[in-house]
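Common to both upcoming complexes is chain A, partnered first by chain B, then by chain C.
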Partner chain A sequence: MIFSTIIYFLIFPGLLFASIAGGFLSWFDRKVTAMVQFRKGPPVLQPFYDFLKLLLVKETILPAKGSPVVFMLMPILALVGATLACVFILLPALNITSGFNGDILVIFYLLNIPALAFILGALASGNPLASIGASRELKLIISYELTFLLILAAVIFKAGMRINLQEIIMAQADTSFIGSISGILLFIAAIFCLQAKLGYVPFDIAEAETEINHGSFIEYSGSAYALVILTKYILLFTLPVFIGTLLLGGLSFTGINIVYSLLKILAIVLLLILIRNTNPRLKIHQAMRFFFVWMNLLVIIAITLSIFGR
Partner chain B sequence: MGIKTFCFKKSLWLFHFGGASCNNCDIEILDCLTPRYDVERFGMKLVGSIRHADVLLVNGSINRRDKERLLEIYHQAPKPILVVAIGTCGCTGGIFAEGNTFAGPVDKIIPVDAYIPGCPPKPEAIIAGIVKLLNK
Partner chain C sequence: MTKTIIPIGPYHPLQEEPELFKLYCKGEIVKDVQWVTGYNHRGIEKLSESKTFEQVFFLVERICGICSTSHPFAFANCMEEIARVEIPDRAKYIRSIIGELERIHSHLLWVGLAGHFLGYNNVFMWAWKYREPVLELFEMITGNRNSYAMFKIGGVRRDIENHKIPTIRKVLDTVKEKTDLLTGAVMDDPVIHARTKGVGILTKEDIIAYGALGPTARASGVAIDVRKDDPYAAYASVHWKVITAQEGDVFAKAEVRLLEMYESISIISQCLDGLQQIKEGQVDVKVKEIPEGIGTGHAEAPRGEVFHFVKTDGSNYPVRHKIRAPSYMNIATFKKACVGQTISDATIALAAVDPCYCCTERMAYAYDYASREKILDGNELVKMGQRKTEKLRRQIKRNR
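And then the complex of A and B:
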């Protein structure tokens, strides 16, 4: 029992599997970005070269005027949070174990841990640009989390008040939730939430490279930064899978369904990349207004529609 | 070639330090990232923070004020770091070499791994210089 739990966490569907899948998705991201800009793009294994270089070759510098312990612990916490969320999502999604009652709320909290850990790490680094990044990230969390919670509430309502991920997948056995009007509205809002959670361009306010030099991550170097980018790879895999499970009818790895599942994940990631490449960066108050007013309105309309069975 | 050297050579992240430059070399460096030359093919990308950098690109003549900044940036960088002097001003000083405020070419301040002369060097020359650096 304990042995299988360790296997679940470390190898499949946990750390190793998620980071390899996320690495390939990250390459997909860079390649599609390059193709949009008429470039050639990096080789397939590029994300792994980046990770191994940072982990094995580069020196790790600790902040002199910050708190080194918190600074070094926070990437590990972020990695653990992302991996746990990935395990809790993939175990029911791949039908390995049935999960437990209320796991959708646990996943919601676990998906918050990486962002919060990055904020703490940035504040522990003692760099003024990092603290600007941290404060922006905090405002971004405040704005998108309510929308994300409302999306979860709508999905729970559509599934007949079930808070178990596997039962939500079961409820979509005939038609997935995106087949209704409210499902499409929820999907649009969810895509923008993902964009903000991943820190992609309309909402990359917290790590604006050209403006505050990577913001929260400005002081991270070497192996600590390797863990940061590994967390990003895992989130790039986990979040599209989560949305695919909630709205697109779940994944299945038997027979021809493998192709459909992969296409679902790739389609969601492709949508994220295209939004990323065709939009400028918002200001923080624009992003907050976007989520507080428009996205919340969209999700509330979706909930109302789903009460009337649309 | 061990896995460490291989990964390092496959993913060089560039940080750009412009001294008292006339901005020609800066524009030619940016040209390398455009669709026509696209150094991301080799895994290179421009980063905003020196803590993430593997290659420090220095161009422009280094005057007395730039010297302190350059030393500070060099000490802040995580080792191993490669330094590339781009343009005549970075390599030798060019027409500013005898100026009053000139503080010496880059290799008098920090160790330099590759020189790419030219005023400004063409993007092809910059890419050729970096390929030579990788094969060294």
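And then the complex of A and C:
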């Protein structure tokens, strides 16, 4: 039991699997972006080279004016949070174990941990640019989390008030939720939430290279930054899988369904990449207004429609 | 609550050159700005006094990599005023063509950079790809993609042969097509509107008070353009209009630059018409000697008016050479444009004037960090330099 738990966390579907899958999705992102911009793009293994170089070769520099313990601990916490979320999503989604009642809420909280850990890490670095980044990230969390929670509420409602991921997948056995009008609205809102959670343009406000020099992550280097980008790879895999499970009818790895499952994930990631490449960065108050007013309105309309069975 | 200092520079992804702006912020709002210069001083004006007039062209060409023809243009105008030389019509047309091609590539470069500063890397990559044909055209005409070495006193160094004109026109057509595409992408994007409209507004009064130039001034409704106000080269003999906008925000500056590219294409096309009617070959007049005197020359660089002043004494070296680049006037408007805005707005407001620090840097002085008192000014630094040179000289003598 303990042995299988460790395997679940470290190998499959946890750390190793999620980071390799996320690394390939990261390569896919860079390749598509390069093709859109008339460039050639990196080789397939480039994300892994990046990670290994940071982990093994580059020097890790600690900020002189910060709190080194918190600063170094936070990337680990973020990595653990992201990996746990991935395990809890994939175990029921791949039908390995049946999950537990209320796991969807646990996943919701676990998916929050990376962002919160990055905020604490940024504040522990003692850099003014990082503190600006942290304050922006905090404002961003406040704005998109409500929308994300409402999306979960709508999905729970559509699944007949069930808060178990496997039962939500079961409820989509005949038609997935995106087959209805409310499902499409929820999907649109969810894509923008993912964009914000991943820190992609137009919501890369907390990093904002040309404004605040990668904000929250400015002081991270070497192995600490390697963990940060590993967390990002895992999130890039986990979040599309989560949305695919909630709205697109889940994943399946039997027979021809493998292709469909992969296409679902790739389609969601492609959508994220295209939004990223066709928009400039928003300002933080614009992003807050976007989520508080428009996205919440969209989700509330979706919930109302689903009450009438649409 | 204390104010946080958010540094833009000396090395920052926002700018390609070293320059430090300290934004004193309360939360996200910029309360005050301090501009610290002196990272890039190269002593061009002093160096110029040790070069012959022919060499100065190559020196001033290297003041700035992007507007590398504006400085030779202004210097040529200046020297021809001193020598009282009238250059041949063909040279006038060729000069205007080079100047306008440079404006097109500089404005395309700016559009790309502005996209990058907003996090819109697609615009960055696309604009720079579309800029490529212009650089190839430069290579065809002058032999260089940048720093063209085309100007000399009394004319230009190379002719544009008439058989090259159809190729130039063809490239201009593709550039125009791509400019249409970029203009459409920038002007119609709602998120770009949200990011740039009403940001970094400079009123007409601000522009006049700061003496700002070029697209920065024209975007606020001040129709200042040396090509129109004091025509040089072939600008008096072609038809074009000065593009202005009234709003004075970042979007207006982008609009002015994009529309100016169309005007430049039209000017080049008219100049090519002019070239076709003149016999090939006559592109310069011989200037035997430069008399004693003073002269001024302007040229409208992509960023505004470049101004050169030269004093000569009858020898073949300038006695005094004063250069004023447009960014020197334009960067100062940043304070007005960014105080009271958020950090996000401040960065794009700075980028909107298209600052060029290598043109701007003149003299540095050291100050005490705590009390902000000036310790050394220009003269003292020069004296310190002389003292150190003297010390070294004595040391070398002793070692011998």
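Points to keep in mind about this one:
Here, the second predicted complex is superposed on the first by the 310 of 310 C-alpha atoms of A that agree within 3 Å, B and C clash if a C-alpha of one lies under 4 Å from a C-alpha of the other, contacts with A are read in each partner's own complex, and residues count from 1 in each chain.
In the analysis below, a contact is a pair of C-beta atoms (placed from the backbone, for glycine too) under 8 Å apart; a residue touches a chain by one contact, two chains touch by 3 or more.
As the structure is a computational prediction, the values presented were derived from the model and not from experiment.
Of the two partner chains, neither chain B nor chain C is touched by A:Ile181. After overlaying the two complexes on the shared chain, residue contacts for A:Lys53 are found with chain B alone; chain C is out of touch. Looking at the shared chain after the overlay, A:Gly222 reaches chain B, while chain C stays out of its contact range. Of the two partner chains placed by superposition, A:Leu16 touches none, neither chain B nor chain C.
Of the two partner chains placed by superposition, chain B and chain C are both touched by A:Asn213. Of the two partner chains placed by the overlay, chain B and chain C both lie in contact with A:Phe38. When the shared chain is aligned, chain C comes close enough to touch A:Pro202, but chain B does not. Where the contact sets of chain A with chain B and with chain C meet, they give residues 37-39, 209-210, 213. The residues of chain C lying in touch with chain A in their complex are 4-6, 12-14, 25, 27-28, 115-123, 125-126, 129, 189, 191-192, 194-195, 342-345, 347. Taken in their complex, chain A has these residues touching chain C: 33, 36-39, 128-129, 131-132, 135-136, 201-202, 204-205, 208-213, 277-286.
Considering their complex, residues 3-4, 7-8, 10-11, 35, 38, 40-41, 43, 47-49, 51-52, 54, 76, 78-80 of chain B touch chain A.
In the complex of the two chains, the chain A residues touching chain B come out as 30, 34, 37-43, 45-46, 49-50, 52-53, 56-61, 209-210, 213-214, 217-222, 225.
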